[in-house]
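Each structure below is given as structure tokens.
Each of the next two complexes has chain A plus one other chain: chain B in the first, chain C in the second.
Then we have the complex of A and B:
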């Protein structure tokens, strides 16, 4: 497969061309944030820094209709009511332009939850089969980045259909899948000089910091599970808001609610957050995760203990599979700078002597 | 080392020593430690001398630690506050939401804190390696060299108009009192916003709120938003808000938040600073505060003995002339 070239000034026009065949989501700058928006004629895709929100929304939107319903009263016998259900329309083919490798890798971890746990989630499966990623390789690692802890890296290809690599004047595009080839086919071939530049860049990759051995994390997490002082100190900073979970490319929890409007309504699936007290509030009024400490413990535990225990890495693997791609959004956007890396390092250190 | 650096280092040493002296009297002290990079501070619980060594205080200490007070009520705790944060404590005391006897307040006169959004506009700080703060400058060590920014350009808006740099309530005042630099708030931002037509303002909020992800960081970061998870934004019964991510639901919450804070909000700005989507929601609270100032000549969180105007009533209000319609 030949490498293609996407010139900086051709990005908007190419996005428009792709948008004819796909629902195109691309990052745009809005105020201080970079958010994914559906394509619009006046859109200027912004690829300069990683988007504030994750590309998860293409597969698991903030809210989606699971079904709509209508009640109809029987006028001859008012005690009888019939319910009519309508399924949502099948998802449009969707193309995400300009996500980063950590976002694209999130797909695999969402698949674990929605496709590989015995029950296939039909809505997710339909979206998953019809959503494609044009990923921009990273040229550097920000202070909040730690993809290399989780088996990824600034140029990881996992989960992407096309990879873009920044070179002078634009991007070299490499197709990685059949759909990727189709998407890239419209682009001109990359010039030898662009390829040379790319090769030189790839030959001197960014040097990420040291990686802790995470294999002991699940066990040490469990050793610390009941040490509430440890968790209280870790969560002293936590506000119990939903920033970390909603921006996370792998957090998959959702809530289902019926929104009634008279005799009509819809059943919605909405992002949920384990940081909220309501997440585990039981009908009786009892709440097993009564404090911020309990809830933060769950988020860290899910990603670095429960997930690797449920999906063990093959024997001899250097790192466990964790439910985190190291995008660092939970660190960067946390109002009080909670650093999940620090918590994991503290678990590794303090859990050892438990 | 510059003069200011030296005195600031001494001040942090004094803070640590004072905190250690008070540790036997409290369960823990909430203060600031260095966060994940030189431009971020993060709150910590100090339980022993070793923890106290991690305490810092500088222009990165943006968080309002009073936000944790209500959730931790009942504990005997120490709290590190800036001038603005102390106003939240005053408001909580006025509303009897915390017990003064349970609090040991370490007050730090403040020279203003950074608005990282303003820093980001001026330079890329995603890989910042070091930061130094002097009276006039912010010196950043970046991968490609040093970048010096005038301090005034990157201070939070609230600091530029701050008239309470010195904590108004405290047990220990640590550091020399600052002379207030801010002038009477003229609400210039609000004035210019209100010059827009109703349609333009509505379009502005529609655009801004469409980014909202309903994470409720704004609510949870608010020191006075004490309903937290029994908030009516979360209530299913009564069903005030649906779970949909549409403008109506998002907007209703913000309007409600602003109204519930009328006469209580001290404009610490944590709601806006916490928003991961950069939505300028403080503007709504400033609107309410200006009204309160005009009608009741009241400023929240300044006097522990004062009664907030919406916590009381008078038969005859000076500036409210609607009595004739009632009876």
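Then we have the complex of A and C:
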């Protein structure tokens, strides 16, 4: 496969070309944040640092239609109404430009929930089959990054269709899938000097630091499950704002609500957050996760205990499959600096002697 | 039928009546007659009822699969959706998604004595199993129902309670916390009745449902009577949205009440993180 080259000054024009065939989501700067937006002609994709929000919105939008309904009155008997239901519109083919390896790897973990757990979600499946990722390999790790804990790394290819590697003046593009080849075909071939530069960079990769052995995490989490003092301590600062879950590339919990316009409306699926007390509040007033301690316990437990127990890694695997890609957004964006790495390390340490 | 697991089937309310001041019973049929004839469920399974424009919520199908003229739901008015449901009347359309979840293991209960212990609207899931067993009466041993409510008027299915007591092939023990004049049955909480009756665990299964606090003390009382964890069956309530194991909120550890439940034995519950 030929390596291609995307010059810095060609990014916007190439994005516009891709946007002819796809709904293109590209990162742009908005204030302090870098967020994905649908392509607009005056847009300048910003690839300088990892986007603040995750690319999961391409597969699991913040809000999407599940169905539409229409009430119709019976004109011969006005006490009677009929209701008609319709399926949502099929999704457009989507291309995500400039996500990072941790985002692309999130795809697999969303697949676990929506395609492999039990009921196959056809709305997700339709998007999944038609969504492609052009991923930018990371040149360095930020101090909130921990992709190497979760089986990934700054140049991990998993889940990507095209990988971009930054070199002088632009990016070397490597296609990884059939669609990736089609996407990259319009680009000129990479020059030998660009390839040499890339090889030199890959030969001295970022040293990501030590990795804790997470194989014991599920068991130690369960050993600490009933230790509410531990969880109260860990969650003492938490504000229940939910930003950790909204920005997470693997958090997939959703709410279903109706939005009514006169005699018709839509049933919507919207991101939800297990950090909210309302998430589990029952009609009777009973709430199984009544405090922030219970809710933080669920978030950490789901990622590092329940998920690996539900989807066990093959025997002999060095690490379990956790529902986390180590993107670090929950750490970086937390207004009170709750650090999931610290919590996991504490679980590993304090759960050992429980 | 739609492949979209969120797409309800359309149904019509054919009957709606008050059980108690805040509980209403709805009998519904699917609008598509073929789908209604093909509708197949097991006792204990739940369904989502929709009022389009307000939302949907999970309720147990409290009629048994042996009586398929309609599907019955008894609904307590507690939140937005149930308030709206309570305004609906005969002829109004609703959406129905189901059946969802697991069911009572009535096959394993064959040949055994069955003790139903219910509180308030907790009788709804017991009703589906009880009626199923009464319709297959020879398959089961002695059947006992211990049922309690806050007051006389908070007891559900009052006509049926009378009917069941008069059948002669099952025992019905009723109790209320606060009796009114003319109450001829027991006074006090359900777990106390269990102890008073000295129910035998031998070749028996106890099936219990009610408010969480009642379930907790009922299980304690059953354990004191010598019931083993495998002999105690209960159903859990959780806030649910999707009903198909995807939306996340009803998890207990890696189990989901909407697909792995709502029916659990005490033995199964003991194997889960204690968060319910």
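We adopt the following convention: the second predicted complex is superposed on the first by the 353 of 354 C-alpha atoms of A that agree within 3 Å, B and C clash if a C-alpha of one lies under 4 Å from a C-alpha of the other, contacts with A are read in each partner's own complex, and residues count from 1 in each chain.
Note that in this section a contact is a pair of C-beta atoms (placed from the backbone, for glycine too) under 8 Å apart; a residue touches a chain by one contact, two chains touch by 3 or more.
All values derive from a computational prediction rather than experimental measurement.
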Partners on chain A (chain B, chain C) - clash or fit: fit
Touched partner set for A:197, first chain B, second chain C, both or neither: neither
A:122 touches, of chain B and chain C: first, second, both or neither? second
Vertex chain A, arms to chain B and chain C (CA centres, degrees, nearest 10): 90
First (chain B), second (chain C), both or neither touched by A:255: both
Contacts of A:103 with chain B and chain C, given as first, second, both or neither: neither
Partner chain in contact with A:294 - chain B first, chain C second, else both or neither: second
Minimum C-alpha spacing, chains overlaid - chain B and chain C, in Å: 5
Footprint overlap on chain A, comparing chain B with chain C: 255, 257, 281
Residues of chain C touching chain A in the complex: 2-8, 10, 50, 52-57, 76, 78-79, 82, 91-93, 95, 211-212, 237-239, 241-242, 244-254, 259, 273-276
Complex interface listing, chain A residues touching chain B: 30-33, 35, 49, 52-53, 62-63, 140-144, 232-233, 236-237, 239-243, 246-247, 255, 257, 259, 268, 270-271, 273, 276-278, 281, 292, 331, 333, 335-339, 341-342
For the chain A and chain C complex, residues of the former touching the latter: 66-67, 69, 71, 79-83, 85, 87-88, 113-114, 117-119, 121-123, 222, 225-226, 252-258, 260, 265, 267, 269, 272, 274, 279-284, 286, 288-289, 294, 298, 301-302, 305-307, 309-310
In the complex with chain A, residue positions of chain B that touch it: 28, 30, 35-37, 40-45, 47, 63, 67-68, 71, 117, 120, 126-128, 207-208, 211, 213-217, 219-221, 228-229, 234, 236, 242-245, 270, 273-274, 276-280
